[in-house]
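The structures considered in this document are given below.
Same chain, two partners: chain A is paired with chain B first, then with chain C.
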Partner chain A sequence: MSADVRMQAEYAIVSLAGEIDLHSSPEARKLILTCLQDNRPTLVDLGDVAYIDSSGVASLVEGFQLARQRQLDFGLVRVSAAVLNVLKLARLDKVFPLYPSVEERIKNAG
Partner chain B sequence: MTDRTAFDQLKPTDLPAPPQEAIGIVRACARPNITSKRLADLITHNAVLTAELLRIVNSAFFGFRTKVTSAAHAVTLMGQRALRNLALCVAMRDALRPDAIPGLDMAEYWEQSLRRAVAARCLSAVTKLDAEDCFTAGLLQDFGLLVMLFIDQDRAGDWWRLATANPDERYSLEMSLFQMTHDRVGETLATAWELPQELRQVMGHHHTPILETSAPELNALCRVAHCADWMAAVFTATDKRPVIQRCQHLLHEHYGLSAEQVADLLDDLAQGVREAGAAMGMRVGEQLTLSDVLREANLQLVEDNLSYQELTWRLEQALEDRDRIAGELNRELELAREVQRSLMPRDNTGCAGFHGINTSARELSGDFYDYFSTRSGQIHFCIADVSGKGMNAALLMAKVSSLFRCLGKGIGDPAALLSMINREIIETSVRGMFVTMIGGRFNPENGLIQIANAGHLPALYLPANGPIQEFPADAPPLGIVAEAQFVTRELSLAEGALYLYTDGLIEARPRNGGELGISGLKGLLRRCADVPAAQRARRLLDAVRDAEIHDDLTLMFIDSKERDRSE
Partner chain C sequence: MNETWKLLQLPAQADSLQRLRALVREQALALGFAAGCADDLALAVNEACMNVIQHGYRGAEGMIELSVGAIDGGMEIRVRDKATPVSMDDWRPRALDELRPGGLGVHFIREIMDEVAYLPLPEQSGNLLSMKKYLNNQGVGK
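Presenting the complex of A and B:
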């Protein structure tokens, strides 16, 4: 997995790529939580994620729960087909806010 | 000197002024027919030099029984060459004034040179070379360094580094400091000053004593100077052990000396340096004895050994600790595994038609299934998969399993049961952990099944005839959203079978292709439909047994045919 964080408007964009599994999910988790602990609305870009397991999904869930607790905007953008399939099977596509792109979310949020 | 590369083209004017008197004596001695009287006259011509030579010759260092009273007497006693050497040593000593190089302790330089001279003189006994030739060679062999410091006085501050280096290190250090070495400068100076040939050889070649020359005695003198350099370094080099070893090696190789004999020679140096210092009018500091040096070197050796022993001991301790902890952990894991196994039904006693199997990718599983019958005769069942793996997944699994057993006895409706478990989990959820779960109940009286799916893979109903029906999740997994709405769906078991499974099964990769997937599983279920229920779970697992399995793998099903037989 590779991971990257950048700022766009007031949003922190966490871009994840590759495979998010038991080994790599702690890093993804740390990045997502760090952004939220800084009180930044956060979007997780999953456009280049080829595989995600339940520990990876748990990292997203933890981000989702922390954002709710802190009343921060949180969502997933450019969700890849592989990830969307997992989310849909678990009905998590109804839980996480999903957006086609960062720009789209920022524009509509404003 | 501003341009350090100018060492390559040293001119006589760059060098210190030569000691003319001494050079005159050297020239005279080089003449074949010089008489002792002529040499004595030449020396006596310089009153200061004569007084100094007589003082030296009468010192304890030379140990003449009678007092030497004149240059002529000295020539008679010592011989022309020895006296010439002595004159040369004095002249070289005085060639540079003590304050000629600001920042350099000239006395310290000469003390080191004196130690080399005494060492070389000691070696004369085993080499059959002339003692004073050896002494002079030792005293002057490194004069080139003094000249380099005289020319490049900015480097005087580096003296202490040079002084505490061993000969090899000093040579390299000179290259980095001056881009030149003292032997080459020494040879240039010896040539310019017309020093005796053997001295030119020694000054130029004591670091490379094997010469392309036909004069074996010159080679021998260079070799003595080389060995003397290392012997003296035993007392000055920072790291003494390798220097002692080098000395032992050199003196054994060249002169066949044993380690004990080398120790004896080195033992004599301290006293020799004190006496020679007094004789030559050179100030010498307190002299370390060999036992002082050895004690220091041995101490270092002992310290190194101790730390090595301690390291070994610590490593052994760490390995023992690791094995002990690993053993304890394994016992704990085995216990935990046993507890986990006890949470899943061992057989289908009282629940005819129910079968299940669980294999864990790790010691502890995040998957589980369960079924139990209630007093009303209904059978409650579930399958669940906790996110992540390992101990934390296993602990949450145990909690969910308890909640299912406990709450299931009071709450009949699967959706209501999942809703209650969901809230319980959320209250204590950590790290976003969640549980996908299908909870259900089966009424043996009418064959009616009710199930609720919280984020789990679709339950698959395989009827006797017709297409497989999927019962996908209607709600997210447990532990994520408190207000999640769960839905109970109904089906009739009739002549079919209902299969519940975890992702380990559909993500298994059979050898002949990619992931099994849900469609692959459906095909597999159809192929195994006629396998007796008791063997079917194992058969299904066998079908993917050769596959690379990364996840826990769990399968549970309710089969109507067995139920029919049992009734």
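Presenting the complex of A and C:
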């Protein structure tokens, strides 16, 4: 997995790519939670994620919950087909806010 | 089992999962499963091996032996470990309407696989999990 965080407007954008599994999900989790702990609304870009397992999904759920607690905007953008398949299997595809792009979300936010 | 079964033995640790998944995906495709189903099978096996790493060996050193082969009309995957023996009664999927991290792996395995069972072994010698998937039922859910 490769990961990158950038700022766009007031948002932190966490871009993840490759395979998110038990080996790499701790890093993804840490990046997502750190952005939220800094009180940044956060979008996780999953467009280049080829694989995600339950530990990766759990990291996204933790982010979603922390954002809700802190009343920060949180969502998933450019969700790849592989990730969407797993979110559907987990019945979480209707739980997470999903957006086609970062720009789309920022333009329509607030 | 015969010589057409593929075996892979790796340390029970997170960085072994990628190779275990790759073997399952490759064999599923070779046996005629569609790409999407091969990905699902790799996910189910990933989750089973993750259970062994996290809840079986609980961070202690150990090995996972994966064997993958053809059965009549489908594919069987076996996961052998030498961790604390468990039974299907220990598998507790979380309620899906309960939003919390964790507990999803067992749900994934049950959704994806057609048959899941622990095969008998001599007492205190670990676990042998058998998972089967049939070519005429490549979707998920029952």
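Going forward, the second predicted complex is superposed on the first by the 109 of 110 C-alpha atoms of A that agree within 3 Å, B and C clash if a C-alpha of one lies under 4 Å from a C-alpha of the other, contacts with A are read in each partner's own complex, and residues count from 1 in each chain.
Methods note: contacts are C-beta pairs under 8 Å (C-beta built on N, C-alpha and C of every residue); 3 or more make two chains touch, one makes a residue touch a chain.
Not measured: the values here are computed from a predicted model.
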Partner chain in contact with A:Q65 - chain B first, chain C second, else both or neither: both
Which of chain B and chain C A:K94 touches, first, second, both or neither: first
Partner chain in contact with A:E19 - chain B first, chain C second, else both or neither: second
Partner chain in contact with A:S54 - chain B first, chain C second, else both or neither: both
Partner chain in contact with A:A82 - chain B first, chain C second, else both or neither: second
Common interface positions of chain A, toward chain B and toward chain C: 22, 53-55, 57-59, 61-62, 64-65, 89-91, 95
Contact footprint of chain A on chain B as seen in their complex: 366, 385-389, 429, 431-434, 436, 454-458, 472-477, 479-481, 503, 551
Partner chain A, residues of chain C touching it in the complex: 14-15, 17-18, 21, 36, 39-40, 42-43, 46-47, 50, 53-54, 96, 99-102, 104-105, 107-108, 111-112, 140
List of chain A residues in touch with chain B within their complex: 22, 29, 53-55, 57-65, 89-92, 94-95
Interface residues, chain A side, partner chain C - complex: 19, 21-23, 51, 53-55, 57-59, 61-62, 64-65, 82, 85-86, 89-91, 95
